[in-house]
């Protein structure tokens, strides 16, 4: 499938990127935002890797009888980016856990409402007893 | 075909509100991505994506969900405004791609600049068949050092945020899943295989796909599996958190120490030719050490993050 | 000899493909969770080794062959375990298997 | 023959994905479907890699088989946790 020439790979990348972006800006749940962020991240990875592809090329591992290799540089960048990505995601998750403990919710709206309430009355917010969706 | 799968999974991720399902779908998604990477010749990247995206990220997200709750509320505002923003951005980006080089074009600007040197000289200068490892550890050793450090910092940040839980917090084997005899036996059988495979990946990285990043993640996966099935207490006895923190620092130290050694000998920082009389031999040795450092760091940091997330009790 | 190998591998691959699709259809069409697990788990456990054996019969003798063997063993060990554990977990979580008492009762899979 | 097998695997993946998306009636169905999808990916890589001459595809397939197992176990374990949690503190704010 990668033998077809064209730009469709980039278009799919853009689609995925926008899907992740949409999740990040439209959804209120912080964990879901992180999932959206990782979808976004993955689209960037796909973009880099598609740029490094050479038609008819082989994986950049020296093999006998192969002269055309794909570009190893994007691979290196993305390889480290993936692992760094998981580390940063973990930091995000830790922040979410702390937010959950401090505010009792991981929904953006609740957090904002609690912040506003805290601004008006300094006693601090009461428990935001939002019953979970069944 | 794969791209269609990817798109549909992305759509489903947007729609579904059960966050558990979202995480499951995203791990299927990352399997697909990894297959796509295989198809685009990026063997090492596929390796990393499979180990990280499907394994570790999923497990970390699940242990967060355990703490934060499973259901997402319906967003309070309508989807129209974000949709407009997204479509405008997407249209702009697609317009931008129209000038981009075609997929697989060997004359594209990306292929012209540095890559040919790596491809032609890499195997000669560094002396290992896997160019990705050569570029990763030798030519771009500084970058990789920085990235190892980022991982280390991220681990420290998570530990600062969540606190260090010393010792077992829960009784071993309290989950119902741990009572399943078949599962316990098979897991006991599989874990040595995973560890062995991790070692293979670590030291075979010069010749085939693999390297320190992947091996560290695979090692951590084995311990995570042990923890999942046998309960938190048991895994913590095998790999105590305090050791992990020291190991994480040790990995970075090994990497930095290699660089400093070459500095002492009178060569530039991280110039592995200093390690031996024969430059190629020295390169080989240096890459091996550096990958070892990276592997140790990644393993211990990933496992420490997992402990920190999973050991925390649910807030009331 | 080569012809024999070809035929054998072809048979393995075809049987594997058949089982594979059967499992997929079963997963989609069967009425309750436990029968779906059985469809997925059983066919998968036979289809994967068949396909891999077919592949092994085609490959030249090398280290790669041993790796396929390794995958085969791993798949055969983990797959039934995962199915078993899933079924047990579902039972634990309160899913009741739909017992056949002659009449077609309860929901059928609405997905066509 | 390999092509037939690859096509069969792809079709099965589509079927499994449909089940995973519809996800009726329970999450366990999705879990089975996701597991099936993972195994099919292993097969796809093994078969496709051989026919397309990818480099060191078997390492990847092996890794997939392991990670798939771990992922399934993880999801199951956390399902269990969440059920237990919902039983004990249903009144808590989640």
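As written, the chains take the letters A, B, C and D, and residue 1 is the first residue of each chain.
Heads up, the rule we're going with is that a contact is a pair of C-beta atoms (placed from the backbone, for glycine too) under 8 Å apart; a residue touches a chain by one contact, two chains touch by 3 or more.
None of these values were measured; they are calculated from a predicted model.
Trainee: Tell me, please, which two chains come out on top when C-beta pairs in contact are counted per chain pair.
Mentor: Contact tally peaks for the chain pair A-B.
Trainee: If you average the CA atoms of chain B and of chain C, how far apart do the two points sit, in angstrom?
Mentor: It comes to 30 Å between the two C-alpha centres.
Trainee: Measuring from the mean C-alpha position of chain A to the mean C-alpha position of chain B, what distance in angstrom results?
Mentor: 14
Trainee: Could you work out how far the Cα centre of chain A sits from that of chain D, in whole Å?
Mentor: Result: the chain centres lie 20 Å from each other.
Trainee: Any idea how many Å lie between the Cα centroids of chain A and chain C?
Mentor: Distance between chain centres: 33 Å.
Trainee: Among the residues of chain C, which ones contact at least 2 other chains?
Mentor: 74, 78, 81, 85, 89, 92
Trainee: Using the touch rule from the top of the page, what residues of chain B touch 2 or more other chains?
Mentor: Expected reply: 1, 23, 39, 41, 43, 65, 68-71, 176-177, 183, 187, 190, 193, 208-209.
Trainee: Would you pick out the residues of chain A that each touch at least 2 other chains?
Mentor: 58-59, 61, 63, 104, 130, 132
Trainee: So which chains end up touching which?
Mentor: Here the touching chain pairs work out to A-B, A-D, B-C, B-D, C-D.
Trainee: Under the touch definition given earlier, write down the residues of chain B that touch chain D in their complex.
Mentor: 1, 5, 8-9, 12, 16, 18, 20-21, 23-25, 27-28, 31-32, 34-35, 38-39, 41, 43, 46-47, 50-51, 54-55, 58-59, 62-63, 65-66, 68-71, 175-177, 183, 187, 190, 193-194, 197, 201, 208-210, 214, 218, 221, 224-225, 228-229, 314, 316
Trainee: Which residues of chain A touch chain B in the complex?
Mentor: For chain A paired with chain B, touching residues are 1-12, 14-23, 25-32, 34-36, 38-39, 42, 45-46, 49-63, 68-80, 82-91, 93-98, 100-101, 104, 106-107, 109, 130, 132-133.
Trainee: In the complex of these two chains, what residues of chain C are touching chain D?
Mentor: The contact residues of chain C facing chain D are 9-10, 13-14, 16-18, 20-21, 23-25, 27-28, 33, 36-37, 40-41, 44, 47-48, 51-52, 54-55, 58-59, 64, 67-68, 70-71, 74-75, 78-79, 81-83, 85-86, 89-90, 92-93, 95, 107, 109-111.
Trainee: If you look only at chain A, which of its residues touch chain D in the complex?
Mentor: Interface residues on the chain A side: 58-59, 61, 63, 104-105, 127-132.
Trainee: Using the touch definition up top, name the residues of chain B that touch chain C in the complex.
Mentor: Residues in contact with chain C: 176-177, 180, 182-183, 186-187, 189-190, 193.
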